[in-house]
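Each structure below is given as structure tokens.
There are two complexes below, and they share chain A, which is joined by chain B in the first and by chain C in the second.
Here is the complex of A and B:
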């Protein structure tokens, strides 16, 4: 790797877990490995962390960084001049699709790969940056003609902390190509609160996707190569809701 | 100039900003037991321990290591796992083996009698393209001989 300058963030981003019975605070510099085994962390987030990446990456990777993971879309990664890169079309929509989106995919069909983000959406986590506090859902946006960014972070804005309410029950289920060290084809986080069950999905849209309920799957807009994901999502959502 | 603590010794090196721990170990310190296969944090061949925790040296910038203790396969040459990998015939080409043993050593240090599921979870980041997984699992299960 070469660059004029590298900035080490480890000393300025909080790391660690602190909690009460109702709310857990997580420093953005906390690693997935630390979250995976901490009993204060709701089950859905522990399971999502355990199912993400590899042990070595979980020991290095932080929750703040994980929320900003880039897509696995092969056109984007290979540097095609696609919509997300500022071009005028999404190559995946007319080309090879498989790991791509079934929601929010009109302009860009990439899929967001973060398991923990889906879990945190289900939990209704609140995010604190060095400038503002916002629901996690508001960290993300679908790309538009004028702005191809997938997040609402400003240049230089730093994610510092997450606040996670304690659910009555929660679970994370994940379909992948192999049982370990694979990105989600579909991931489903479900968390039950007093007012009902909240669902967060990974691998189904360019951003982590909050699903209002199982019936919203009827309004999915799959591509020919991603239609199978709708069936997987139906099965996982049903199982997840049953489990909580 | 930085000081790097590797396998119990201290080395003074002066790597360029952006140099990886793997490059430093292999090219500056001559510790070529650490292998680089994918070079992008996927395969686990370059696994070393930082304060006992397996990490990927190919995507660890050497300047971020600071005072932490680095353990490479050379530091584990007398570990019983080396013998158990031989006994279980747990390799074909052997290129992933240093990383496999570094990960397994951290596992059995924390959990001396891991179950098959625990082995699969802890070793999931060490890919073996020869497909020696059943024998690697056997080697870790029987590491104490």
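Here is the complex of A and C:
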């Protein structure tokens, strides 16, 4: 890792879990390790946190940081002059793409790996920053010709807190290349509320992906190397919906 | 009397003839089975030192004024350096020296793979050296890389001559067959990723160069460095006391050693050159990918009539052609065998030996092909292997020094018999199955190898030999052998190793050869010291030598007398009893090989392509087992590494540029402890009656050889799908399942139309 400057946020960002029977609020500085064992936290989020990274990383990594982790693409991470780096094309679309996107991948085929983000999308979480409140889904955006950012956060804007409604039932399922400590090939969070089941997916698009329903998988736009992800997503979405 | 003889030496299947001097060595063979110390479980004598962080690895070596190196590596798979200016870099803070093409042989102006070293800088810290790299001005002319191995073969771009082999007549054999199967198998490029990266610290002491390095072959490094630098070999001292893994990638000195040596010479300071994890994934060797186009024919009764294969190995920019065809040539008694091997020269990083190079890849192809044949013949796969059992070496009709593969098969039966029970666990999307695969490999070691031993007046023994323990537990095994011969408890034997200036020549730790090469030399040295102790004791107690022996730290007489060892050695006060020993020759005219079989149990989620390995039983015949605890660790390590090869590890390249995309351990996936199945280890522990004074063969490589094929065959048993390409990722598993479903549908429609 290399960076010009590190800023310690531990004393600025709230940490801890509080709430009622219907809403839980989570400080953005709460670690994944704290979330995965707290009985107030809905199952889908606990499972997503437990499925992420390794115990050592979860003990250090916070939920706010996890939501803002960078997307995954070897070309982008190795500094290829790709679309996300301001270039004119996505190298993965014609290159090695087995880990890449099946949705929203027209300009950039990277895959966002956050398990907790998929869970929080399924839960319909609300985000509070030092400037505004917004649904989690609105934190993310697909890159455009004019703006290659993947989030809507302004410079200096801080995520402070999350509000998570309590579902009737929820679950997180994850397919990966080994049994622990790997990013999702496909992650599926599902949460049942009075008005139906909401789904959030990880590893399928450059941003965490809210899926309107199982039938939306028919509108996936996989690359030749990622078609298998649609197959996995179908199975996991079906299992997740059955489970809640 | 010293005897000069000509003998054969083998490392990883490559044979050479050489002269050796052997002492008369008429040691009695030890009986079979566990002895007082040998054959009994011994925790590593250096385990605590390693766990406490007291063990000194190359990374821990430091000297006042030590400089650190950063290497400018080609970002391109194939390029020409049009302009290279070190000037600004030399002016950078903390920089003490630099080298460029022309200064050191390994630096090049025409890099032929991504990561090839072009220039290097030595500075006060690694950070300063890396910062200075940015100030090197370099202009590249980027050239089109050659990345496709089949295209390289078509163009005749080969690293070595193509290698044909034939016995009998393949076409005749195929014509005789009732059933013929034909398939193409592919194995991927995998990286060793030793926990300790490749590195060396070089320091000039007068006209002697000291090389502290992570290596599998102290003496090989000594000789190669001396030759490159034009020094007498004894002016190079090589030290490697502890090591964090090699797996075949640390057999040679490597560019980092030559860069450190030259920068140390130029700066007059000690210099470290250590690869980063990213560099480790770019330029430290790899198990090369293969394409195997195979055919097998058999009569209805299962007798093999033909085996044929064309093998293309993606060697990279340079390297040697490991024998992927070896298992096909050697494992089964088949009269008609033809193989043809190509080593494709590509703009990818050079291969290096990797734990049974060639045979791991070739066994995957051959043993999967055998199971596809068994399915067509409707024969039990274990039975098919028994029907074609080879009783003598098939390459030149030599007798085996020992072969107990039939006993391995017999011991595999209870594991194989779990098939019905395992399959019956299938439920929902999960299908369960069992598969097996055989193993054949070398592992006999050879001379020359020497050891010394000294026994002090306190009755403690110290083995001295300039071998290396590459992390396999050789140090403990050597102590056990000396303790057994001297009748001492294990805690009264020390082992000093890892320094070419402090001990006699010792063999390479590669080709599963450390135990079979070094062990007999240590026993012979201990026996030499033991004889002297008994001679002295006989004179001290006025007895005949033949009634005396060494046991439990005492000198024991057949008439019931018994004296502590130190009573005799103590007579010498500061004096020491010195023994020396050498490895004798391998049995003339015999083939020394290791054998085994593994049985894998897997579960496959047919909807998501997840493959879970639940259990692997490993039954191997490697002669006498010195330390059953260390041996089972080797088996587990081999199987876990094999699991990564089978399921998750692959070096991926950008197809357009040849750039390596998997440079870090988050992208290159070795198994975690959560992926490890239940592993049941059974070693036959039958000493080879013809091999050395120990009858022990090597075990480092055999356990990784059959793992991939056993898993793939279990997957076929579970699902009916033929997985023919490694690694068996989700997409490969789903592809194979789809293909199997299409095949079944086609059969059904044929069945329906004919009905």
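Methods note: the second predicted complex is superposed on the first by the 238 of 244 C-alpha atoms of A that agree within 3 Å, B and C clash if a C-alpha of one lies under 4 Å from a C-alpha of the other, contacts with A are read in each partner's own complex, and residues count from 1 in each chain.
Methods note: a residue touches a chain if its C-beta (ideal position, glycine included) is under 8 Å from a C-beta of that chain, and two chains touch if they have at least 3 such contacts.
Remember, predicted model here, so these are calculated numbers, not experimental data.
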{"item": "Which of chain B and chain C A:6 touches, first, second, both or neither", "value": "first"}
{"item": "Chain B versus chain C, judged by how many residues of chain A each one touches", "value": "C"}
{"item": "Which superposed partner A:193 touches (first chain B, second chain C, both, neither)", "value": "neither"}
{"item": "Partner chain in contact with A:231 - chain B first, chain C second, else both or neither", "value": "second"}
{"item": "Contacts of A:180 with chain B and chain C, given as first, second, both or neither", "value": "both"}
{"item": "Touching partner for A:55 - first (chain B), second (chain C), both, neither", "value": "first"}
{"item": "Contacts of A:95 with chain B and chain C, given as first, second, both or neither", "value": "second"}
{"item": "Contact residues of chain A, present in both the chain B and the chain C interface", "value": "179-181"}
{"item": "Touching residues on chain A, where the partner in the complex is chain B", "value": "1-3, 5-6, 8, 10, 33, 50, 53-57, 59-60, 179-181"}
{"item": "Chain C residues touching chain A - in the complex, by the definition given at the top", "value": "429, 607-610, 612, 647-648, 652-656, 659, 661-663, 666-667, 669, 671-675, 729-731, 734-735"}
{"item": "Footprint of chain C on chain A - complex, ascending", "value": "74-75, 78, 80, 91, 94-96, 98, 175, 177-183, 185, 225, 228, 231-232, 235-236"}
{"item": "In the complex, chain B residues that touch chain A", "value": "16-20, 41, 44, 47, 53-56, 59-61, 63-64, 103, 120-125, 127"}
